[in-house]
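Chain naming follows the written order as A, B, C, D and E, and within any one chain the residues start at number 1.
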Amino acid sequence: MKPVALELQNVCKRFGKLEIIRGVDLRVEQGERVVLIGPNGAGKSSLFNLISGRERADAGAIVLHGSPITGCKPYEINRRGLSRSFQVSSIFPKLSVFENVRCALLWSLGYRYSFWQRLNGLPKLRARADAVLEAIGLQACRDTLAGRLSYAEQRALEIGITIAGDADVILLDEPTSGMSRSESDAAAELIRRVTAGKTLLMVEHDMEVAFRLADRIAVLVGGQIIACDIPERVRANEAVQRAYLGNRAFAEVT
Amino acid sequence: EQVKIAFIESLSGPFAPVGQNLLRSWESMAELANAGKWAGDHQFSIAGFDNKGSPQESLNQLRTAIDQGYRYIAQGSSSGVGLALIEAINKHNQRNPGREVIYLNYGASDPDMTNSRCSFWHFRFDANSDMKLEALTTYIAAQKDVKKVYVIGQNYSFGHQVSRAVKDYLKRKRPQVQIVGDDLHPIGQVKDFSPYISKIKASGADSVVTGNWGADLALLIKAAKDADLKANFYTLYAGTTGVPTAIGAAGAGRMKMVAYWHPNNEAFSGSEIVTAFKEKYNDDFYGMATYTATAMLSKAIRESGSTDPVKVAMRMSGMKIKSLNGDVEMRKTDHQLQQPLYVVSWTRTDGKQVKFDQENTGYGWKTEKKIDTWVASQPTSCQMKRPG
Amino acid sequence: MNAMLRQQNSRASWLIWGTYATALLLAPVLFPEPASLSVLSQTGTAMLLALSYNMLLGQGGMMSFGHAVYSGLGGYVAIHALNLAAQDILPLPVSLVPLAGGLGGMFFGAVFGYISTRKAGTGFAMITLGMVELVFASALMFPDFFGGEGGVSGNRVIGEPFLGITFGPQIEVYYLIAAWLFISTAAMYFFTRTPLGRILNAVRDNAERVEFVGYDPRRVRYLSVVLSAFFAGVAGGLAALNFEIVSAENVSVARSAGILLTTFIGGIGYFFGPLLGAIAGVFMTVVLSSYTKAWQLYLGSLFILIVMFAPGGLAGICMSLLKMAQDLCRAGVSGIWKLLPRLAGLVLSACLACVGLVILVEMAYRRGLESADRSIIALPGISFDTGMPTHWLLAAVLAVAGIAGFAWLRRGFPDFYEATDSGLPSLGPGGESVRAAGDSPAHVRAPRGQA
Amino acid sequence: MEFILITLLNGLSYGLLLFMLSAGLTLIYSMMGVLNFAHASFYMLGAYLAYTVTSHIGYWPALIVAPLAIGVLGALVERHALRAVRRHGHLAELLFTFGLAYVLVEVVQLIWGRAAVPYRVPPILDQPLFTLYSTTFPAYRGFMMLIAVLMMLAIHLLFSRTRIGLVIRAALTHPQMVQSLGHDVPRVTMLVFGGGCALAALAGVIGGNAFVTEPAMAGAVGSIIFVVVVVGGLGSLAGAFLASLLIGIVQTLAVTLDYSLLGLLKTIGIAPESRIAGNALLNLTIAQVAPILPYLLLIVVMLLRPRGLLGVRGD
Amino acid sequence: MSRLLELQGVHAFYGKSHILRGVDLQVAPGEIVSLLGRNGAGRSTLLKAVMGLVETSGEIRFGSENIQGLQPFQVARKGVGYVPENRDIFPILTVEQNLVLGQKPGNERHEGKSWTLDDMYRMFPRLQERASMQAGVLSGGEQQMLALSRTMMGNPRLVLVDEPAEGLAPQIVELVAQFLLALQRQGVAVLLVEQKLAIALEISQRVYVLGHGSVVFEGSPADLRANEAVRREWLEV
């Protein structure tokens, strides 16, 4: 059995009276690709927030590479090798695309809060940033201000920022939202490529993409995981169909 | 020859009215002197330099003035600026022999300026605050009904000095007087003085001594009136532009001030100046020290026959003249003018004792007591370095 | 190709820095009167201060109402250091006194910044406002350190002259200021090119995201405040040497507001913007104020005009003029000929409007403040009498004609704002904006959102 | 007992006074998110205008005329300047008002001169309202408190009875969307800004004669009213009200506390040597720092509860 | 055919960039019309142009009036509803306050049914559960539901819907589609921008395809399905 990269043990979260996450258990093995699906408001993004340290869990434990990260600050968690993206692109709008990526790289390459080194004097940094740009296909708009990118490009940049730091556990929140069929296919390919060899946990409403990428699919409903299995079996699961997929033809899965 | 005097004061911003008034006073005095040939053939001219109320900017203006050939500097509305000028002029005179300038101080009343930080180049025509408080406490000590005194002031060096001096002097002059409170508040920060008034009231004080000026004084008096506090206020700065207006009727009968001169003095000396000033500028003449300064400067120039600051300064040091408040002397040891002082109270004008009102309020100053020069005179710790 | 480009870049930067240094060196030669030397010295410190402020405002999106605290306290430390040196207690040459100021500023930056940088946006701004009020109030309350209302004076001519330099003459102080300014400018420029400087930009843009790439935004802000306070302290130290006095006004809200004003007028989106702003600011507060009492009105109006029409500041205007010039060049001779009359018309009407407005303002000031009776402003050739309605009318006509002409000619010309991004940081009403579940901060709007 | 009662009364009335001064600012800040630095200048304009009107047609008309006129002025400012600036964001708006404050002070001096003007409390109100033990409570003060409460009610009604509050607060983040739902945002914004300025002017009409009507009066209240609205919290009228009272009472109480560090040391039995005993910091009493306590409060609140006491948002 | 909305030669600009270049388009009452095209084709811009949110030229008629150049709120008051692509819910208001803001001032009703809070809550029970919560904390999908309901509260005769299915679970997508169909049955016209072809083609009567800022195809869904060339050139990557 492969080592476990990320493990959630009975994680709970409530906001006031509302219980959003009710005892989630989840194990993601190293190198595995897990897609999290579930109805709107099921708590998928909230779960991401808990894992990445944006919010604090009320109970339960979150373990990254065998050490607990519950209650850590987002940057501490990131430094331990977990990186996430956001459902709505969260980039640095007034920096160039290249700078966006470079900023995402700085910590992982150990430059920390240095104010005695010149960025341009760090060829390794530049090379890495360029490699990331290449991977996400934004080489062409390297010097554009990120805020001026088109929607799809911003989504790509969002992924770029997320993967740049070379974290080995990657959380992507609806990376293909707002894209057309063919664009999401391309994005799925991109994700497959850039996360090769890494652990991936991803939220996705586009079933095509979900079923294509996933090694396993976890279904979150009402703050609980009701199924977690390989795609075929999840698709066949009746509870999942009832709670999530629906049965009419609009869902593009069918 | 032209005697050019650089007038360095706040001519813009909140304190501009005071600066403006004093500039006009200087100009009127210069006109008088020029018309009356006080300094022989030498003519005075005054130019205003705006220091925006800041010590640092004053030094800028000082430089500018010196560069433009001014050798006489006049300033007086702030001790902060005064202290800065003393230092800067000392340094300038030391670094630029032959281009000395002298400083005519007609109002900055920090005692240090004629004690620990005294300078040969500095001449003070106002009384310093220790002298004023000496006079004031002498007056207070003589009032038999004063039993409990409350001291309140602004929390900065001047406020501290007032508080210290009042306590010391009263203790010396009439130990029975109780100091029932001693409060300091940040300068210009208090919007509502009623809590202070309550405190004063609770302390049972019958007299309040304060070094407050400007809005801090006006608001204090107003709050006292509102709460019907029946205590007398002894102040130092109730006469400058804006304050009489702000106080109006609220201070009638209960506000006293110590001053080196006021228009309703025993002989109404200076009344022509007051009237002419009012006519010309629709403003009150209160900076009488400008008169003393001009007169003394003229005499020194006439006697030394030169406008060279060093010679003039030598001559002024120890000089005696007659000013609007009587005989005065520029004491040689510290260049502090020795002059009589008045304790006055805020009273409705009656055309007899109180002829002149202030800022058209219908209220003016009434002499309570004239205090002789020797009473207010203070020893000095000054060890002046004289040139040559 | 890349290498060539880089070479070109480095040549350009040598050129720029060389020009800057030469300008600093030659300024006293160009303005030789003694009075202007003191103005130049003040401009130097103001430039340094504005640059240090822009480290926070422009680069970090942190609007502080209390920057004067750092320069002022740095100044106090410097003047005390100078006095100690004069008494031979502290072995410190005068030329290094600004360093003491810098360290002092840095110390207070470390103390106050620890509190203020816990928040961003409005929270930060308000904490700094509270802080500056407290420090200013204490400055008067504690005369031991602050010297009461007279402030603390010093004498910069101490010790043996070094190579004949005593720092007595103003020119020597000017060159000391210029040297410190140049070095500090270089250092601050360098800072923008370092990892911390860049992350600071990122924190300005989107502090939350920075947390998810491994940085603690609070720490980033904190370090930046400390560094900025250092340079502010250096400026304070230089001012202390220049005036040989430091007084409480140096830590006041008004002074802080002045820094904000000048920095913004210069343009916070460009590194060199604050330099221009400081020049304009000193020109108005020091030079203009000795010619007219209306200087505060002019300063305020300039500021308002900049905020309204050119939030990129003077630097932004320069850049868009440059761009316009480039476009003109590209348009060739015929293009220039087509544009030139219009350009000339624009400049002319702008001048006309200015002259008219200035005369109006001056007349109003003469009438309102100087004296109740009529007085006269004499201009070469003409004079305006405040007692004559026709003269008022004439001035008004000038102003209106100028403004109308400008507005009419301006249509179709590039807007200074469009051409130049102000680089205004977003300052959400509550500092950072509301978090939405599964959403990024609202100020990073979704793509092509409704602007 | 007497002293405590009077102190509380003083605190309450000072608190209400602060609220009166900052009501308009709260209105603008909580709805539009703009920290209006020119608020105090509009307050000053109100006072000066009231002075002029009073000397011609009397105080009571001034109470109506001055706020209306300044309200219109405010609306014009919003319409012709602030609106253009708004597209550059909140910071630009803030800076604009900052510059406006600079200019308005000059304009006031141009029109009314630089010295204080004799703007006086009308005789009817210039008498004691009641006497508590031996201290009189001035009628004008009572009038001031009444107006403050009325302002509070008026704004509260505006918030609760109309959708104006919602429209403006929604427009804080998404102005275009609010328009797309059929609301005339520019007009509402203009009215709110004008309303805020009118409230400022009303405070000026009443505060101008209670205090001193002079060009420095704007600067004198400038910072403290920010403390009130920021401590109260963005979006919260009740918060501002609470903050005013809190500051009023805390500050008034603090004035009565003559305790210093030195005194504390002495009571616990440490008698520092005389050199240290002269230290200004040790000798500082709570009473002496009372007027700057609000700033301390501001810092503390910003740190512990950045959205303010009752604010609905913040980071 | 009577026309509710009619665009003739409409151009739209963002500052200097010219996005729409002469678009002609019609929507009849009670019709669902889909607007298709690649990313960045200008579909959202077209909706904004109708609302008056971008600079436009040309003629835009709604009913019998020309609404080109009107302010957005004026357009909205005439009976046009708009659901923007990034939802633009008001984060600091509660869910219910968001809905209340959807009601138009003046309370103009049109012939059809007028929508109430309860209708919306019935449609999306989730919103009722969250009614008193700050809308900013809603999940992506919940925000989408809110945005749609909010616009409906204004009883529009025509709704412009920009990518309503984005970020929605398949089940809710279905719900939304049914909702749009229900609207249509009540006589409300819908101009729909949607990436997910399947939905768009399923529920709409006519489709327009935008390319390079102008209409490159107009016809029924069946026509589009049949037209391989248009699909390949203007819709797929």
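To be clear about the criterion, a residue touches a chain if its C-beta (ideal position, glycine included) is under 8 Å from a C-beta of that chain, and two chains touch if they have at least 3 such contacts.
Please read all numbers here as calculations on a predicted model, not as lab measurements.
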Practice problem: Would you mind checking the shortest number of contact hops between subunit C and subunit D? | Solution: 1
Practice problem: Would you identify the chain whose Cα-based centre sits farthest away from the centre of subunit C? | Solution: E
Quiz item: B-C or D-E: which has the larger count of contacting C-beta pairs?
Solution: B-C
Quiz prompt | Inter-chain centre distance, subunit A versus subunit C - centres from mean C-alpha coordinates, in Å | solution = 43
Quiz item: What whole-number Å value describes the gap between the mean CA coordinates of subunit B and subunit E?
Solution: 77
Quiz item: Just how far, in Å, is the C-alpha centre of subunit E from the one of subunit A?
Solution: 30
Quiz item: Which positions in subunit D touch two or more other chains at once?
Solution: 109, 113-114, 172-174, 176-177, 288-289, 291-292, 313
Quiz item: At which residue positions does subunit E touch at least two other chains?
Solution: 53, 84-86, 88, 91-92, 134, 137-140
Quiz item: By residue number and range, which residues of subunit C touch two or more other chains?
Solution: 137, 141, 143, 296, 369, 433-435, 437-439, 442, 446-448, 450
Exercise. Show which residues of subunit C lie in contact with subunit D when the two form their complex.
Key: 63, 115, 118-123, 126-127, 129-131, 133-134, 137, 141-144, 253, 257, 260-261, 264, 294, 296-297, 299-301, 303-304, 307-308, 311, 364-365, 368-369, 417, 422, 424-434, 442, 450-451
Quiz prompt | Footprint of subunit E on subunit A - complex, ascending | solution = 15, 37-46, 87-88, 150-152, 174, 177-183, 186, 205, 207, 243-246, 248-253
Quiz item: For subunit E, which residues count as touching subunit D in their complex?
Solution: 51, 53, 71-73, 75-77, 82, 84, 88-93, 97-98, 100-102, 104-105, 134, 150-151, 154
Practice problem: Please name which positions on subunit B make contact with subunit C in the complex. | Solution: 11-13, 20, 49-50, 52-56, 59-60, 63-64, 67-68, 78-80, 82-84, 87-88, 91, 95, 110, 112, 154-158, 160, 184, 186-187, 189, 281-282
Quiz prompt | Touching residues (chain side subunit D, partner subunit C) in the complex | solution = 29, 33, 35, 81, 84-85, 87-92, 94-96, 98-100, 102-103, 105-107, 109-111, 113-114, 172-174, 176-177, 223, 226-227, 230, 234, 279-281, 284, 288-289, 291-292, 295-296, 298-299, 302-303, 306-307, 311, 313-315
